[in-house]
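Okay, handing you the structure first.
In order of appearance the chains are A, B, C and D, and numbering begins at 1 in each one.
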């Protein structure tokens, strides 16, 4: 298989110079996800702000152990969702998920996905899809937990 | 496969008119053997007489549930071993066992096996060997138990 | 006697190489032992050879070209099987080595499970008297180990479940009801939906042994009322070495694993491990990859014929055989005597001749049937016989083969001198 | 660099159809993932196709022509495998679905066994830090269930067992010692005889995971000092869906069954059952018949080549690969760095590049290796890596394929900009 269709320049850039890496305070939820087949791991924190009607992803920070695809993917994802209203971020997540499941058949929406369109080629490498999704899945999970925590009164030190 | 090489006339005769059938007293040991693949069963009793130096098979009686081969085989076996010294009976057992394992390659010793030579053909039908052996195995087991019981003083009602 | 089937049997038979076998004397093979194991069409044999010869690699773990191909073939087979049985999700299809393992898997994980499903002293497990040993012994073993009690529904003289006891045998102590869909020994098709309804009323789980029904009938797991369904590849034109356990996803996800090892884990540390989600949680070690591919080809084959057509053929040939058997004096069918609510296995007794001897005479004429208790000794005992002779059919069975059976039975009676 | 092997690799390669595969760009497939699963020779593929196409029937239960043929083929395969591993008796060879099931079988029956072998609270089970998950997780599960304690021997920096702890870790509380013969992750060949001697001193049973060694080395179970030996068909030129558990007969005969069902019973009544003698006691349900036939053909194939020749070739190619790897800057071997006391799996780390990315670049050049923790996460952790890239060899591996790996590793470093 053609390597360049997988390792796009943008991906290699994010891999070599990841954005927003390193765990930061404050945060509302932290998750740890593992890819059992290969042992790749991500720890990811999310801070959700905004009014009750519309949440905003205020911060995403993370630590990873993984391949170029998984590292670049989480970096691109953080760029994309940070500062976005929750519904837009979720839309990007959905779009990315569809892209990954498309077996190379979907023309990605650059307006929604920005740099993440570079991952279109990954969908042709079934074994690597999980790598690209690892960070996104962690973000989805962490955000769901953060929102759930907002429903219940904040009492732990995370909010200090 | 040729039916007649399996169902020799002698076998069919013993099957239709089994010898020594029906459980009898007195006996020294009784065993119950089952062929798990097909459900065939035999209950067999042995009475061993003779002096300590040389046992004699005084009686063999049995009840069976089974196919023509297994029924004829136990009938022929009872004919053969009854009244025989233990070592001759055991020799017949060994000879019969070899015959069954011979895949049709052994010329049976009629002097030792008498009517049981008719089972030579069975050895070419692997699925039926167990049928032919069921009664013999039960006899071997029962005799071993009877001999073991002779070593220990007889106290049970069997000897009454 | 007339025979009419929607299936072009002669065309189907050309797909099965073994049906070209002849006896040493030149007479054709008449294979009437399909309930024991089915024959395999060329399409399945070739799919397996093609897998080994062109795509073989381990799955899931390998990210190279062959590894991707084999993973796609293997997981693609799971999709096919999920579709074949109407599974709401592919994740509900667990590959095992055969039906027996599938049933043992359920029995063991229920023994180990937390509440509400775990088996505890005082709990009851209900089976039936017509179960295959593979749906008896595992439950004997786990009830013994857990202190639960094993109970069973009995069988009437026609070989049907005695449902008058349904509400007493299945009661509030019942945790599991496990029953066969189509009996391999009697042919009976059981009213699973009805039994399942009662079981669910009292909160029991329902396990269906569909080893004989999935090969013969269109089976839709989402309508059967079962929580678990077990079946086996080799009886449905597929390879040996593979079985399937279908289970409701939420249930599978709530249960502990069965075997431990590669592929069923999430994170392994020396001090403890966490487990993958279903179905992988229940698939320890290298799975039956080539066998899944072969089973996928088998369901493609059966689907192309149409399972409704297979069932109609099976029904027609069974009805024909039952009618023709009624002609033979001294032959008694053990099990339902008509083709209604019935699968295509017919157990019979030739008065005065032991089943071994019956099958030996038939075999000498090329007619292959099974003699014995068919791994269902209790139901044989129920009918007062140690063994029976069983003829069983499949989509490749031609009516002339039933005729050969009938001729053979006449010869059996002549040979053993029981003909009048 | 010189390479010399007693084996005519080019002739061997002609037997393996998949080795003729080429990439879309026309470059040849370089399959270096044999520790994951081996490729299959034509002889094995054809034996399976011939079984299904000409002899297929269920075994043991059927007394017709096909049933006799298939039973002879199946039990004949058991004879071949018993001879291949030097088993004192064919009854000691139990067919399972893979190595993982074989290991789970032992772990579970020991948990259920009466004394002296049954696992009880306070008992200890000893494994090693370099085990495959399939020899870790089953023991975690049964020690948890029985209240026994799991302990392990650790691994030194060269990837060898630390034997200084042998006498303290294996002590009078130890009931079972289970260890790998040849590690799939490190390649280490363990001194099984020595560990077994200590285990037997304290009365513990010895289980050997020979999944990697039986394919590579002449293994004689009667000399290994083991009580049980597990291995798997698909890694030794055989089919998927079959594994083998060898066990000492007296021991097998004293242990309770694992799975319940058809073929493993003596007499089944609704109220309780008795069980068949080994090996059948441990083989519930329809066994992997075609797979046993295929595995029989595989051991015929390996025996014809000669296992000493296979081992010598494996040694030569491993030595050659280790020497050539030493040429590549920034590549570190995890595990023994020489070919002494070593099997043919080499785990390596390319500094600065994740194993996934290494294997992806290699795959783009047709070189198939495995990246990950190789189902041996604890030993990866021991070496401070989440994963490695592993190249592994077999009798069909040619030295030019090692050269292709080396060229590929240079390209990996160039592509990810870590070459100096």
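Remarks
As a convention for this text, a residue touches a chain if its C-beta (ideal position, glycine included) is under 8 Å from a C-beta of that chain, and two chains touch if they have at least 3 such contacts.
As the structure is a computational prediction, the values presented were derived from the model and not from experiment.
Of the two chain pairs examined here, A-C and A-D, it is A-D that is joined by more C-beta pairs in contact.
Chain centres here are C-alpha means, and the one lying farthest from chain D is B.
Centroid to centroid, with C-alpha atoms defining each point, chain C and chain D lie 31 Å apart. One finds 46 Å separating the Cα centroids of chain A and chain C.
Note on chain placement: the centre of chain A and the centre of chain D lie 38 Å apart, centres being C-alpha means. Chain A and chain B have centres, each the mean of its CA atoms, that are 78 Å apart. Across the assembly, chain A contributes 1, 37, 125, 128 as residues in contact with two or more other chains. Shared interface positions of chain C, defined as residues touching 2 or more other chains, are 61-63, 65, 67, 265, 267, 356, 360, 363, 371-372, 377.
Those residues of chain A whose C-beta lies close enough to touch chain D in the complex are 1-3, 6-7, 12, 16, 37-41, 65-69, 125, 128, 131.
Across the interface of their complex, chain A is touched by residues 60-63, 65, 67-68, 71-72, 265-267, 276 of chain C.
If you check the complex, the residues on chain B that touch chain D are 1, 34, 36-37, 125-128. Within the complex formed with chain D, the chain C residues making contact are 17-18, 21, 23, 29, 31, 33, 36-37, 39-40, 42, 44-46, 48-49, 52-58, 61-67, 97-101, 103-104, 107, 112, 129, 132-138, 140-141, 145, 150, 152, 232, 234, 239-243, 257, 259-265, 267-270, 272-273, 284-291, 356, 359-360, 362-363, 366-372, 374-375, 377-378, 381. Across the interface of their complex, chain A is touched by residues 24, 354-357, 360-361, 363-364, 371-373, 377, 380, 386-387, 415-417 of chain D.
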